[in-house]
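To start, the structure itself, in structure tokens.
Chains here go by letter, A, B, C and D, matching the order in which they are written, and residues are numbered from 1 within each.
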Amino acid sequence: MRRTSPKRHDVPVTTDRMETFSDGVIAILITIMVLELNVPDGEHLSSLHKVWPVFGSYVLSFVIIGIYWNNHHHMLRATERINGAVLWANLHLLFWLSLFPFGTAWMGERHIARTPTAVYGVILLAAAIAYYILQTLILRELGPDSVLALAIGRDTKGKLSPVIYTAGILLTFVSRWVGLAAYVIVALMWLVPDRRLEPSLATVGNPRPH
Amino acid sequence: MRRTSPKRHDVPVTTDRMETFSDGVIAILITIMVLELNVPDGEHLSSLHKVWPVFGSYVLSFVIIGIYWNNHHHMLRATERINGAVLWANLHLLFWLSLFPFGTAWMGERHIARTPTAVYGVILLAAAIAYYILQTLILRELGPDSVLALAIGRDTKGKLSPVIYTAGILLTFVSRWVGLAAYVIVALMWLVPDRRLEPSLATVGNPRPH
Amino acid sequence: MRRTSPKRHDVPVTTDRMETFSDGVIAILITIMVLELNVPDGEHLSSLHKVWPVFGSYVLSFVIIGIYWNNHHHMLRATERINGAVLWANLHLLFWLSLFPFGTAWMGERHIARTPTAVYGVILLAAAIAYYILQTLILRELGPDSVLALAIGRDTKGKLSPVIYTAGILLTFVSRWVGLAAYVIVALMWLVPDRRLEPSLATVGNPRPH
Amino acid sequence: MRRTSPKRHDVPVTTDRMETFSDGVIAILITIMVLELNVPDGEHLSSLHKVWPVFGSYVLSFVIIGIYWNNHHHMLRATERINGAVLWANLHLLFWLSLFPFGTAWMGERHIARTPTAVYGVILLAAAIAYYILQTLILRELGPDSVLALAIGRDTKGKLSPVIYTAGILLTFVSRWVGLAAYVIVALMWLVPDRRLEPSLATVGNPRPH
């Protein structure tokens, strides 16, 4: 059922339009990053050498934004009505996501140098926190017995992500590769469906076909 | 209720499609601005120094565009049918909004220098006037007893904004920071929900659930 | 009534999705053009001097794309089903529209020099022809008694536009300003609602209030 | 019938939203490519000389993306529900499509030099394989008796495309023009409707008018 609630002035924005707007911003972000892949100066395979770190950073950011898009969709589908706080929490998340192209390009062009890699981690961390704030505000609106609250459960992944990101940022000062590995681990953690970690999602979701 | 009015040739554009188009342009604008955040030349934290003013300008423009998006949505949700004048008033607003990335980047890159800061204010002022024109045309179509007219009320914020912007533009010639502060004040004025200023919104909106 | 026709494999694309896709491309085009407005090097008003021709070109292109968006919407709203030929005719139109940022920037940066102004006219002409082809294919599908066919009528504006554009292109070799004036005249012709030229639109559209 | 299935947590994403998101990315890609058409330095027709190869590459990529958009739409319209694997297969396809602007610009700016032309072919090949994977996953979900499975049939074009692309990549080392010709042939193969190759599409589609 599409959430096309009737016109009321007390509900600032329909989830429908917030979803569409967020999707638009995310689609643009994911595509704009590729503009940072500067066309090589030469015409030989060797000229691609300089492009590799940017390409690798792009792949990582692409996957992370893909995960955000997927999770964001899940969450909003279960949300009937939103208030002004949710609206601004969503824009806050989009703000940090919009810094991905900048962080990705700096880290890539500087060949995974220490500071750019740490700054990239700070952007990842800020986006994770922004997502957590958004989720908390939506859950407060829906209540603890809502389908979304049950599906999210203890939210192990959501709580673990900022911790690993913080560790990764600090670890870049030991080795930038270890720091980068921490970011990759968070991405993999979300990609791999782990039924043990989130049993409530399977329990709640499956027995309610249609 | 979705405004999917039947096919009539006397109604130029459905609010639906005008909303979608406006959302698209606004989503692109808000994302494109980040492209102005040039990747630093160096790889140390000090190389971020030059980025700060651009970053600050970007945050301000992001918030202002977010406010426009929110208000624009409110207004169009209450609008059943639009005519050619409304269509072009909307494009006129989008035109000035589309100059935000230019103004933001110039002000940021020139480290809040006098002229760029004044020019940025002129763009803000023009957008505020364009919004006021659009709102006036929509209200004329809907009539003084419409829900929107009651919700907007005396439109204190809408009338105050151009005044403060004009003051800000003039004040940049005294101190560019005072000018910039004026722009920030307008943004904060819209962000903070002030129930005393707009009681009609609460009165009209709440008692009409669904 | 929304054209959400049921799933059939003989109808390649719903007008709905073609409309959304076209809107997306047009929204991006209109916003991307502003990226050509390079941030001035200096920080004084005099540094805006170089920007003026680009700004003027941008305004003209913005208005022309706005007209296309409006007309395109009109036409598709009256179209129930489309075939493969219409789909590709639409992509053909979008192709020429997508060259607007290039043409606009070249003409602007070269300060309305002869060749860039003529090339800009060629892009305008090609887009006008592409629109005419698209319209012809849609009308062939709908038949001569359709509401759209009656509304379009003799299509004086549609037939006049390519003629004036061609004259404008040739006139750039006499005076580039006369050539540019021809392009502006076409834009004004579409902006000003002329009831004498298109009486069928008023006759057909108005007496059919939903 | 629009696929607006009710809120269920076991279905990760509606086809509706996946379609909209994909459309957004494709619309942005097709428009962003034109940004690679750098504005010529001079103001004479001769300055366009350098632009021609980029322009030609742009036309080819525009047509190929147009074909993808069309086929993608066909496929998703016949898909009722999607799972996580389909979602990621779709993002995988979008990833390779998002490399088109890079490949197009490099090949164009280097005037169809050997390596860039081969790399462009690799991107085309990867996108074709990604599309095949996506289609296979959707067909597995729908079953062999689904309308889509019947419409796709033996999928001669889908199987032939990667083969011709591979041949084209290898042939660039004989002659870059022959390699490029192979890419063009694949595009033409999809553009020309060949009823002998895909009879099932005509048979299945037509006799089922809603």
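Note that in this section contacts are C-beta pairs under 8 Å (C-beta built on N, C-alpha and C of every residue); 3 or more make two chains touch, one makes a residue touch a chain.
Not measured: the values here are computed from a predicted model.
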Other chains in touch with both chain A and chain B: none
Cα superposition angle of chain A on its copy chain D, in degrees to the nearest 5: 90
Copies chain C and chain D touch via same or different residues, half shared test: different
Chain B and chain C: spacing of chain centres that average the CA atoms, whole Å: 26
Intercentroid distance (Cα basis), chain D paired with chain B, Å: 37
Chain C, residues touching no fewer than two other chains: 20, 24, 28, 32, 35
Sites on chain B touched by chain C in the complex: 4-10, 12-14, 17, 20-21, 24-25, 28-29, 32, 35-36, 84, 87-88, 91, 94-95, 98-99, 101-102, 105-106, 109-110, 113-116, 119
Touching residues on chain B, where the partner in the complex is chain A: 1-2, 19-20, 23-24, 26-28, 30-32, 34-35, 37, 39-40, 43-45, 47-48, 59, 62, 66, 69-70, 73-74, 77-78, 147, 151, 191, 193, 201-202, 204-206, 208-210
